[in-house]
Amino acid sequence: MKPVLVLHGPNLNLLGEREPGVYGSLSLDEINQRLVAHGQQLDLEVHTFQSNSEGALIDALHEARGWARGVVFNPAGYTHTSVALRDAVAAIGLPVVEVHLSNIDAREEFRQRSFVAAVCLGRIAGFGWRSYVLGLQALAGVLEDQISSS
Amino acid sequence: MKPVLVLHGPNLNLLGEREPGVYGSLSLDEINQRLVAHGQQLDLEVHTFQSNSEGALIDALHEARGWARGVVFNPAGYTHTSVALRDAVAAIGLPVVEVHLSNIDAREEFRQRSFVAAVCLGRIAGFGWRSYVLGLQALAGVLEDQISSS
Amino acid sequence: MKPVLVLHGPNLNLLGEREPGVYGSLSLDEINQRLVAHGQQLDLEVHTFQSNSEGALIDALHEARGWARGVVFNPAGYTHTSVALRDAVAAIGLPVVEVHLSNIDAREEFRQRSFVAAVCLGRIAGFGWRSYVLGLQALAGVLEDQISSS
Amino acid sequence: MKPVLVLHGPNLNLLGEREPGVYGSLSLDEINQRLVAHGQQLDLEVHTFQSNSEGALIDALHEARGWARGVVFNPAGYTHTSVALRDAVAAIGLPVVEVHLSNIDAREEFRQRSFVAAVCLGRIAGFGWRSYVLGLQALAGVLEDQISSS
Amino acid sequence: MKPVLVLHGPNLNLLGEREPGVYGSLSLDEINQRLVAHGQQLDLEVHTFQSNSEGALIDALHEARGWARGVVFNPAGYTHTSVALRDAVAAIGLPVVEVHLSNIDAREEFRQRSFVAAVCLGRIAGFGWRSYVLGLQALAGVLEDQISSS
Amino acid sequence: MKPVLVLHGPNLNLLGEREPGVYGSLSLDEINQRLVAHGQQLDLEVHTFQSNSEGALIDALHEARGWARGVVFNPAGYTHTSVALRDAVAAIGLPVVEVHLSNIDAREEFRQRSFVAAVCLGRIAGFGWRSYVLGLQALAGVLEDQISSS
Amino acid sequence: MKPVLVLHGPNLNLLGEREPGVYGSLSLDEINQRLVAHGQQLDLEVHTFQSNSEGALIDALHEARGWARGVVFNPAGYTHTSVALRDAVAAIGLPVVEVHLSNIDAREEFRQRSFVAAVCLGRIAGFGWRSYVLGLQALAGVLEDQISSS
Amino acid sequence: MKPVLVLHGPNLNLLGEREPGVYGSLSLDEINQRLVAHGQQLDLEVHTFQSNSEGALIDALHEARGWARGVVFNPAGYTHTSVALRDAVAAIGLPVVEVHLSNIDAREEFRQRSFVAAVCLGRIAGFGWRSYVLGLQALAGVLEDQISSS
Amino acid sequence: MKPVLVLHGPNLNLLGEREPGVYGSLSLDEINQRLVAHGQQLDLEVHTFQSNSEGALIDALHEARGWARGVVFNPAGYTHTSVALRDAVAAIGLPVVEVHLSNIDAREEFRQRSFVAAVCLGRIAGFGWRSYVLGLQALAGVLEDQISSS
Amino acid sequence: MKPVLVLHGPNLNLLGEREPGVYGSLSLDEINQRLVAHGQQLDLEVHTFQSNSEGALIDALHEARGWARGVVFNPAGYTHTSVALRDAVAAIGLPVVEVHLSNIDAREEFRQRSFVAAVCLGRIAGFGWRSYVLGLQALAGVLEDQISSS
Amino acid sequence: MKPVLVLHGPNLNLLGEREPGVYGSLSLDEINQRLVAHGQQLDLEVHTFQSNSEGALIDALHEARGWARGVVFNPAGYTHTSVALRDAVAAIGLPVVEVHLSNIDAREEFRQRSFVAAVCLGRIAGFGWRSYVLGLQALAGVLEDQISSS
Amino acid sequence: MKPVLVLHGPNLNLLGEREPGVYGSLSLDEINQRLVAHGQQLDLEVHTFQSNSEGALIDALHEARGWARGVVFNPAGYTHTSVALRDAVAAIGLPVVEVHLSNIDAREEFRQRSFVAAVCLGRIAGFGWRSYVLGLQALAGVLEDQISSS
């Protein structure tokens, strides 16, 4: 199985506990368990990490260079404000899929600017926890293409 | 099987013939065949339509109200300029998933404004023809939730 | 009776069927019948046309040069995006009254830019189907002035 | 008869005296007389007031809460600059129809921003003194709907 | 006791009568009475004035130079549009505390520009009628500092 | 002698009393006396008026139509915000010279937008009380030209 | 002779009939005849097409891939609003010369943004029907270079 | 006593040591002691925390959900740049009062945009260390209202 | 007599020859003669210079430091584009009065930005050749103040 | 033969020597020779001038009033920054055709603003040295029209 | 020797490992060794620190107040987004030289806004690892001036 | 020794004479002498040139192609306004280091846009005359790299 990182940005540790009407009733742990299970079907070994700290997320991306084949990344609030995370994604050279729980292009205007998008493969947004599953499927497809074209 | 519409916007009829390095070497017919096949696995009966005309796309959305359970829509160049298509999506009341072949948030600035996003469920962009497959999977998930919550 | 065109833009064919709380419960046919009746009181022979296609609307304006004395035009979603319709209105040289069902200046910011306004006589917006009636009354007044000043 | 206020903003006291080619040759008094007469046909008791003072216009709107069923308001130059008038219209809770002599969306860009539009029922612009008549007709229609739906 | 002016801008005379859910159920008179009482605890002799006229508010600020030690000022709708009030605050040389009933930075974008802020000591916003009480407390603190540093 | 109006906008009644380092040590009365004297040398009968109220300034402009040959106008803080004063200047048809004590183009950015400039003959700014004298001289020159060309 | 397409956008079918002072007195047919004649001198076989429909223009560009060596294109009002036409020009891979009757950079600001320019060879604007002739000459020059460099 | 959190953002640990002319001569410890004392008068048990790290501030807000009744928060430099802190404030569901030492609306333009304001109860700015005291008073008032309305 | 420089920017050498309806029928030489004569009445020895070259105008300002007491400067088209001229005016330390023939604040938007204004004493615009005379009068007044305050 | 000026702006003296892949391998002299030859076929006596100095270009335009019938002008880098050149073109009253080697509307955003376009007859851009030839042809056509309509 | 801090922002720990074509083949350790060596020649005792965390960088700046004479700071991605780092630089009162490996003014537009620049002594950008050496030389020069002027 | 050009833009000839508090007390000649001396230590033969004329600076850059190995360029006020200088720097193909005496990113907003930066190697700003020395050192480093990599 190919090891991949699912990286959760700020405030996502509160998932399931608050505003379930908006973000769903699943906790981050439950989502992570589902992602591990889905990963196995896709031949992906899913590792997960969450932090509220921009620096810790950068560190995690840097470390992923040593062991992961790709990243599914929900930068949450840092999507719209962090040039440093953009530079980190660009620097590590791994395929990164940007995911969001909500359809951020349909929300406040400041959520419609993404510093991260320009250095990711693509974006999936608006499908709740399923956005992550779709992100894993997209990543699996990309990794297959890499193999078949090598 | 639940009938769904996969709607292709302007210039997508040229897929596979030109700029295969950018958009892939599959023709629109080949993609459509794959989507029909993927749909069967997801219990979706996939119908496809393409037009270069804004008005014909609006007509197709209107007609889908009579027979379809949801839409996977690639508005292509009209994404960024058409208020009329936005109003059509809003008017028909069906779940619509916006898909794009390329990661439009990483391209020219004028491609980063979407009139359509605010009235769609979510957006999937950047994965070539797989964006459509992921769109069908997202739509299937949404339709399942509708059933289980009814 | 003076012949006039009432021209309906994109998505207006859905009137009455969807979102009646917003746009009223009258269908486009019922509105058109009322407009024909109101027209008779104003000595106007009302002809109506609807299309979702920008090109077909331009064609209709061009043709109106041959038979109509004026136009009541609801460009709907094309109001905010179509330079071509603006040029068509400017080219035909007929008096054109712009009407809208909703008070578009009170909605999203992108609905507050009109390419068409600068070449119309005036705008009436926010009164539902009555906006059309007010538009006919305005047009009748303008046509009377033409006669009295000739 | 239902009492209504026709409220005239700054500089409208000069009507008829200056720039008749632009604003028509009728004085404000003559227009007011016509509005009273038209009002009677519509079962509306028309009261009129003009002031060049933003504060006096706010006061007039406040007082109208005690006696009027609705307002036809031409805010003139204050349309584009007055948040205070916007708040006044929002506060009084009466139906207010915004009218303008000229087609302000076709004039200077600074005349295309309206602080007042968002809290009015609708806007009628571009038909000279007839804009007021159309405004009374629109208001009459709205008041009828209130009755029939209560 | 030190005399101070509490100055209320446009539409605040309607407090308590309309939209009590938003602005509270206290009338301006009741609020003024509370402010006079709170003032006594803070050794402040509170005088109050309200006007809907920009010019009258400027006059009141000018006159306050002759008798008041400071001002608690709610410019309401004029906050966002009045350079003249800004100049008045700057000219009189008294400490002025800007207060607002609602949290204006959380409302429409045009309410987030303040011409007055740059010449006031500070701003308190979002606590309903208590904003005025907090404003008096802030002013009392500032006046104490003036004494102790002189 | 030709009668002319020198019109002073908001806060100018404080001249000489506050910030003499910025605005000079002359009071408005002293300036007015000098303007009357200078006017006599230029064959101009100078009448002066000051108000802090936008509405009162509009009224004064309207009335000047009945007796004055021209206006020297310092709109002060209203320069940058008042469409209504612009419309008043445009409506009265008299030659109006815009004057400012300070060099407003060298101050805050919001003071660099003038709604009034486009309908005035010209602008003189930055010379303290002498700006008014230069304004009278400019107006005298313009009135001479009118005579010689008639 | 090398076959080329001259493609006319919306409202150009009215040429010669209306506003001859602006757009000249030649009809579109007469212009087309002149272009065919000029083409022969340049060894170009000129085919012409006009449509008011954005979709039909896209179709025409797509079809030109099968038979034409280049395109002279006047997108008229769609110049400023159509991303779909831009994508069509980019997709077909033919040399495209953009032409305009009027000098659009000297007109309204919204006419100064072109979505199409970035994917065309060059632009010729401002010379009436001669713009087309110059466009054919430019295209002939480009086609010669292709031959001489192959 | 009701437990509340006073949360200090970046650079506030330097208070009193540097630029005392701007920020006052009290150290953060001294201010905290005063806040604890003031809290006791208001029946509030004040806990304080400072960090220069955006992530640590988010963590502190998350943890406050478990024990605090409300928060007085000075986000300092993060006010203007952090969507993640905004999301944290929105997520925890506690009443949060935004405070600032200086009158940030009177400083650089980039300090006039607040991502945090829209999800706080209100803002108090410009009164030095007293801004915190006023913030505690505001919070105490809000908590009283909660009790009296329950 | 005090020596002063009257400095004319680009295209002013054409004065009187072209567009006399706009810029008057006096040639630059005739204007310069009038300015010398007016200067004598004001005890000013007027020297004039014109150049179409930005560099030559900078040189002239630099040299004026050695002999002139002040400058009346019409930067014409460079007003809106030259940071270098701004820096030159700031560097020489002489009082500089900005003059313009036309009322530039009433013309195209790009003429409403002045790089030069912020470092000049004041601006006089809109009075044709009389703007220069008013500029000399303004300069004379400023030089008198310097003497009386020294 | 009618004498005309071909005017080359800054950096064009380097043509052919540098970046031949972009600007072609012809030197400015070689291009000028071709233009003289083409001119003879068009009955135009072509005179050429190049300068890197904005002032010298203005001088050349002024002098052309005395001898030339029209101008083909490539303002190069000054296109986007020079109001003075715009004023010069407007002042001389000759027909001026704007040409550019590259398709400037397809390059950096700052190259898409032209101060010169609004006062030229038209623009030809994107055809390398052939842009000049097309410019001469356009000018010849315009001069013919002048004759035939006189 | 004078102790100084060389502070490296986010992602700089990856130097030399990735994208050597862009950022050079030296690792951060190798660069640091060179800086220590260069420092000795300049009588500077160079201490280095790197962190991906905004908070840790702020902490490092705060601590430098206790021991360092100046700072050479590469804020990397935080340059463009961090008001908190700006406030930290302003608060510590040490001379800070801003350095960048690449010429950030020549890159994406969002990299052309620096929150940090306004509170630094100067900026050096575009010379790879030599930017740091130049930064040490600049700092050494500034420290010499301090001594010689004391 | 390698010959290099140090090129000084407008107003720098006044260095040392005026505003020594801002720009230092060294004259341009004294700075040039220091640069020649520093150059010798770096094996650079330093030639210097200053002009206030944009055209003369372009000429100097063009000529440097024939003899210089690189340029240290202070474009001063032209930095922010000259596309022509940008094109000149791009055309000559020499390494160019941009230097500024002051930290322009910390000054007025219009000084924060540089047309020149995008075509220079890097920028050094804020260190007074030492900016030039650092510029020479940067250039020397670049030239060494060219040798070692050839």
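A few comments on the model shown:
Labels for the chains are A, B, C, D, E, F, G, H, I, J, K and L, by order of writing; each one numbers its residues from 1.
Quick note on the criterion: a residue touches a chain if its C-beta (ideal position, glycine included) is under 8 Å from a C-beta of that chain, and two chains touch if they have at least 3 such contacts.
What you see is a predicted model, and the numbers here were worked out from it, not measured in a lab.
Touch-path distance (fewest steps) from chain D to chain I is 2.
Residue-number overlap of contact pairs with J-L passes half for only one option from G-J, D-F or F-I: D-F.
Overlaying the C-alpha trace of chain A on that of chain G calls for a turn of 120°, given as a multiple of 5. The interface with the greater count of contacting C-beta pairs, when G-J is set against D-F, is G-J.
Chain E and chain F have Cα centroids lying 32 Å from one another. Look at where the CA atoms of chain F average out and do the same for chain G: the two points lie 54 Å apart. Residues of chain I in contact with at least two other chains: 53-56, 81. Inter-chain contacts, as defined above, occur between A-B, A-H, A-K, B-C, B-G, C-D, C-G, D-E, D-F, E-F, E-H, F-I, G-J, H-K, I-J, I-L, J-L, K-L. Interface of chain J with chain I (complex): residues 53-56, 58-59, 62, 81-88, 91-93, 115. Chain contact summary for the complex, chain I toward chain J: residues 9-11, 13-14, 18-19, 51-56, 76-81, 110-111.
Residues 103, 105-106, 112-114, 117-127, 130-131, 134, 137-138, 141-142 of chain I are the ones touching chain F in the complex.
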